Amino acid sequence: MAQITLVEAVNLALARAMADDPEVIVLGEDVGRDGGVFRATLGLLEKFGPARVLDTPLAENLIAGMSIGMAAEGLKPVCEIQFSGFSYATIDQIINHASRMRHRTRGRLTCPMVLRTPCGAGIHPPEHHSESPDAMFAHIPGIRVVYPSSPRRAYGLLLAAIRDPDPVVFLEPTRLYRLFKEEVIDDGVALPLDSCFTLREGTDVTLVTWGAMVYETLQVADELSAQGVSCEVIDVATLKIMDMDTILASVARTGRCVIITEAPRHCSVASEIAASLADEGLLTLLAPVARVTAPDIIVPLPRLEQNYLPGRAQIHAAIRKTLEFA
Amino acid sequence: MTKRNFPTVTTAATFQIEYLRYLDDRGRAVTPLPEFAADPAALLRFYEAMVLMRSYDAKAIALQRTGQLGTYASMLGKEAVDAGVGFAMQKDDVFLCTYRDNGIQMLRGVTMRELLLYWGGDERGSDFAGPRRDFPVCITIASQCLHAVGVAYAIKLRKQPRVAVCMIGDGATSKGDFYESINAAAAWKLPVVFFITNNQWAISVPRSTQSAAATLAQKSIAAGMPGVQVDGNDVVAVHQAVQDALARARCGDGPTLIEAVTYRLADHTTADDASRYRPPEEVAAAWKHEPILRLRNYLSEAGVWNKSREEALLRRCNTEVQAAAQAYLDTPPPPPEQMFDQLYAVAPAAYAAQRAALLENAQAHGSDHAG
Amino acid sequence: MAQITLVEAVNLALARAMADDPEVIVLGEDVGRDGGVFRATLGLLEKFGPARVLDTPLAENLIAGMSIGMAAEGLKPVCEIQFSGFSYATIDQIINHASRMRHRTRGRLTCPMVLRTPCGAGIHPPEHHSESPDAMFAHIPGIRVVYPSSPRRAYGLLLAAIRDPDPVVFLEPTRLYRLFKEEVIDDGVALPLDSCFTLREGTDVTLVTWGAMVYETLQVADELSAQGVSCEVIDVATLKIMDMDTILASVARTGRCVIITEAPRHCSVASEIAASLADEGLLTLLAPVARVTAPDIIVPLPRLEQNYLPGRAQIHAAIRKTLEFA
Amino acid sequence: MTKRNFPTVTTAATFQIEYLRYLDDRGRAVTPLPEFAADPAALLRFYEAMVLMRSYDAKAIALQRTGQLGTYASMLGKEAVDAGVGFAMQKDDVFLCTYRDNGIQMLRGVTMRELLLYWGGDERGSDFAGPRRDFPVCITIASQCLHAVGVAYAIKLRKQPRVAVCMIGDGATSKGDFYESINAAAAWKLPVVFFITNNQWAISVPRSTQSAAATLAQKSIAAGMPGVQVDGNDVVAVHQAVQDALARARCGDGPTLIEAVTYRLADHTTADDASRYRPPEEVAAAWKHEPILRLRNYLSEAGVWNKSREEALLRRCNTEVQAAAQAYLDTPPPPPEQMFDQLYAVAPAAYAAQRAALLENAQAHGSDHAG
């Protein structure tokens, strides 16, 4: 029962899925000998051989498209897109084919694939390495979008994603890859998709978040708890198909909600949650629904990165404002 | 590329693209036919299939013109491609097609009723009973090439003696999907055949606008795979090239690119009017090369075909096509709940309300938006 | 002063922009001799020659990417993507390059391009021809997304988009292309971007919509007016950068809001508007914010299309429910 | 492709890819040098530039290792490419580069301070003062090829005597963007040169995994444009090939594809550890072909170079590089408001609140997120 990082948990889940099911194939750029630029696929080539762990030519559209072909033939491809800034080139295949293979053939052909990609800002990398495309993927009908925020959830949700008979985009918070460790039991037990995780119960305000921002949100909840403020913290985890019921039920109890994401605000997943609250949760709201998001601008290069990403101060400020609302 | 002629300029590689043709425009063998066609009677099934395709095509257009079918893409003029490819494939090969390859689908066991259902705007047309692992018609140009790579990879991984066959048009050869696919397929030596139906036009855009390449077959050189150009109106050449390519693929020798040169005798689709952009003389000239008359001439000359057989065939085709059309027209529309129930393996609870609202509205109002 | 259709208005604006400015270039598939599959570029080849009206090889990624190159050199490319289902292949170039050319070079190079594409369902076409990618584009920082809903607005907004020094994605409602005519004066006068158009003033409920659904929304407003219900109808028109002020001000007056879009709901532009109301407009709301949208499913083939697109009945029902809310 | 040998198989097209090299590994001319290099002294500026590049490269890595620079991609081993290309281009040509082409950027007038600013995570590094129409470094592999097509189209439309030069790596040749670009550029006969630096590796993926093509130069055949392979460690060959291609482009003869065969002597970037995936012997062997020693040998042999000149050069380079590094380090960070103010031509009123909030927070708290 080891303490491992999030990226190690991803690696563990991949190894477990490949050992359990010979149809699981890992493919992508540098996933073989190199073990992936983040080492998420470390050791898989050695364990499962080059036919099941394949370095592809450098082409994201190819990686997504050939995964669809593999999946239609009954394999379970788990492809890696090296950084989410390069995942935009897969959207065409995901929306025009992966998402609708089952629907357009009335279930004759299906698409049990997983597209994994590191996601989000905060690691001071070059351009295009800090993108947050979660809302763009979450808008696509017919797929699932999963975004774990801890080693344990990464392990359990990735297993669930791989076993799911439909396509899943699996976003991994780069910033959390090695930020902290957690005990993960390699028991092959998946966690449920389409479900929020309530990480902390509270009565004063509901904090809704996912991905790397879960980290700061929990910190803030801790800090506020010392000041006597009781925060409920919900990790959305599956951004599509979203478990809005848990969020609505929480806000029905607390009456206040702050949604935290590091993606740009306009048409974001945060907007979706706030919109549902404005409809189905309106009567329970005691204060405006606050969104703490990145601004609607381009992720800057590292020298300004710290000014771009929302941090604890913004979360604190939003909670304070929400709580002070009479 | 240089005009100088230093001895330093050595040759790194040389390449050659071959052209294959057996029957000329008038159906005369310009060379001994290959083994499969040594007996002229062996070509009768090709001919009959091609005539049936043309009947089906005419009926589909008629249905569209009378408001009984959606937009339809005619295969007029490419029947030799369809018969040549269709008869070469094995049942458990995997076929990935465009909207213009209904003839091959027919030979693979997709019924004309199913094809018409699809064109009639019903997804169940892609849930065909015959070749269950074949892909549905691909509308987004060239994107199926990538799927073919994945299919072929799965086949190779499982060491099966199957081949993926992927059809595209001349226009599709401009898209990155195509190049990424042939490049990867050759790098992994996958069992796949890429088949370009070069019908000279991509809607209104002529072949010359797509590429400065002298042949489309030579695009194979970029991938390091064999490529060949064939007369796409000569069913013998098409069939031979595909047989060769399938054999290569099946014995582990990897992919092949075939370019079949033919002509789109019809409008792009029923939504198009080709007279806007191409001269009638060009079309008239192209009719002289069309594949069915050519084959009929050969068969008649060989003594295995005559007028009465032709008439009987046409009657048979007509009956079959009418029956398929009627079966199509008699098919009730799909239940609206399939939009939800076939989206995921298990209909998500989170969408229950959306589903209920849609069904209620479908019953209460149906369509009331404009357009 | 002719009565013309929306697609004719697009054509008129293109001709005017090309006549006014020799840097304006039109490119795309079949835009030349054929005049575009919808005839939006009819006659431009004859008027402006093949160097400025160019049929491209069949490659949407190329069309978007080369437009960026042209724009960086100071041309004003207006490219056409034949149907929005093929525009997904341009997202990579739009988000990774068009959107940030100015930002990443601190204004040294810019990207004054327009990407036009017919959009939306309702014309009974083949697969992939009925897509609504508005939310995906609207999420992208650094660009504008414009979606006209009448011939006059198509003319004025397209001129504005072409003259704008930054990239604009211009979505054209296929269903309205020839549905009705309007008088359009070819005076070269642009309409303002980043502004809603209040098409009808009203006091009981604010109806917010854009694109083809403006048509049904206005019809419903008419019908309800006969019943004594006064609807304010707002055409958002520019989905990014959005004029939320006009919407907030309207809802501040009516207290009720129904947002109507034909795109799938999850993370849609409708969600963005509702989310802003849940924050900045909460105190003014007398009823939950209703979203009338397509369901979160794949656009079906024509035989079920009528069951997919939201229509007048759904708008009526949503308004009724909103008004009945006490 | 067929094993049969029917007379029907005629040849549709033949192609040849040439290989260019003047100086061998030891710096001996294997053939008379071309005109520009007839006088050995003419090669001195190439040599000096290459040595400066290597100094700059070493400094950048040192800065990164000491936490004073972000992730950096070394150009070690490709200095002949950079000098060969950089000296061939005209000032008003347009350069579209990858992250590994800093050497060419230097020759085009981008200062080392600006380059370091970029690698240091500051967009102002791409607002360089020299070649104002050159593109910023392109990170998303091969996507700049499409921009080069647009740039070249604009140049051709305006009938200017300029050329776009687009650099890519061997890995980039697998991406659709590359093929779509060369195909379109040839179809329109655009003034553009595509230059592949084949350094054998794309991070950990070897050239052989990218493609079964015997050469990368032959990918030009798919587009119907001339292609040539050169010894990428021989600055004379690189320069000659680029000069030829530029001349062709400038006089309206259209695009060229050049493949320069070289080797990535360093890790992929400072974030990479190449010893994980490639054997030290391979790297050691590659050092025997490296471009700088080869050229020094030639120049020494020709009597235009010696030890004291070498030492003086190294001193000069060191001074220049140190000064640039200091100027970089002395540059205060960009004002945060540029994130908003440089997003659109006019900062949108709708974002005023977001902008104010960001600036307020930047002042009050700075970074307080983890990682």
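We call the chains A, B, C and D, going by the order they appear; numbering starts again at 1 in every chain.
The rule is simple: contacts are C-beta pairs under 8 Å (C-beta built on N, C-alpha and C of every residue); 3 or more make two chains touch, one makes a residue touch a chain.
These numbers were taken from a predicted model, which means no experiment stands behind them.
Quick one: point me to the chain whose Cα centre is farthest from that of chain C.
With centres defined by C-alpha atoms, farthest from chain C sits D.
Which of the chain pairs holds the record for C-beta pairs in contact?
Chains B-D share more contact pairs than any other pair.
Distance-wise, how many Å sit between the C-alpha centres of chain B and chain D, to the nearest whole number?
Taking the mean C-alpha position of each chain, the two centres sit 42 Å apart.
How many angstrom lie between the CA centroids of chain A and chain D, rounded to a whole number?
Here the centre of chain D sits 35 Å away from the centre of chain A.
Return the distance between the CA-based centres of chain A and chain C, expressed in whole Å.
30
List, in ascending order, every residue of chain A touching at least 2 other chains.
In chain A, 56-57, 59, 61-62, 85, 92, 96, 103-104, 127-128, 141-142, 242, 296-298 touch at least two other chains.
Mark out which residues of chain B touch at least two other chains, giving numbers and ranges.
Residues 123, 140, 174-177, 180, 183-184, 187, 209-211, 338-339, 343, 351 of chain B touch two or more partner chains.
Spell out the residues on chain C that touch chain A in their complex, using ranges where they run on.
Within the complex, chain C touches chain A at residues 85, 88-89, 91-92, 95-96, 99-100, 103-104, 127-128, 131, 135-136, 138-139, 141-142, 240, 242, 264, 266-275, 277-280, 282-283, 285, 287-291, 296-298.
Report the residues of chain C in contact with chain B in the complex, numbered from low to high.
For chain C paired with chain B, touching residues are 29-30, 32-35, 37, 55, 57-59, 61-62, 85-86, 122-129, 175-176, 179, 212, 215-216, 265, 295-298, 300-314.
Which residues of chain B touch chain C in their complex?
Against chain C, the touching part of chain B is residues 70-71, 99, 118, 120-123, 139-142, 171-172, 174-176, 202-205, 209-211, 271-272, 276-277, 333-334, 336, 338-340, 343, 351, 354-355, 357-358, 361-362, 364-371.
Please give the residue numbers of chain D that touch chain C in the complex, ascending.
Chain D reaches chain C through residues 94, 123-124, 126-128, 132-133, 135-136, 140, 143, 145-155, 157, 164, 176-177, 180-181, 183-184, 187, 338-339, 342-345, 348-351.
In the complex formed with chain B, which residues of chain A make contact?
25, 51-52, 56-57, 59, 61-62, 64-75, 77, 92-93, 96-97, 102-110, 141-142, 164-166, 194, 241-245
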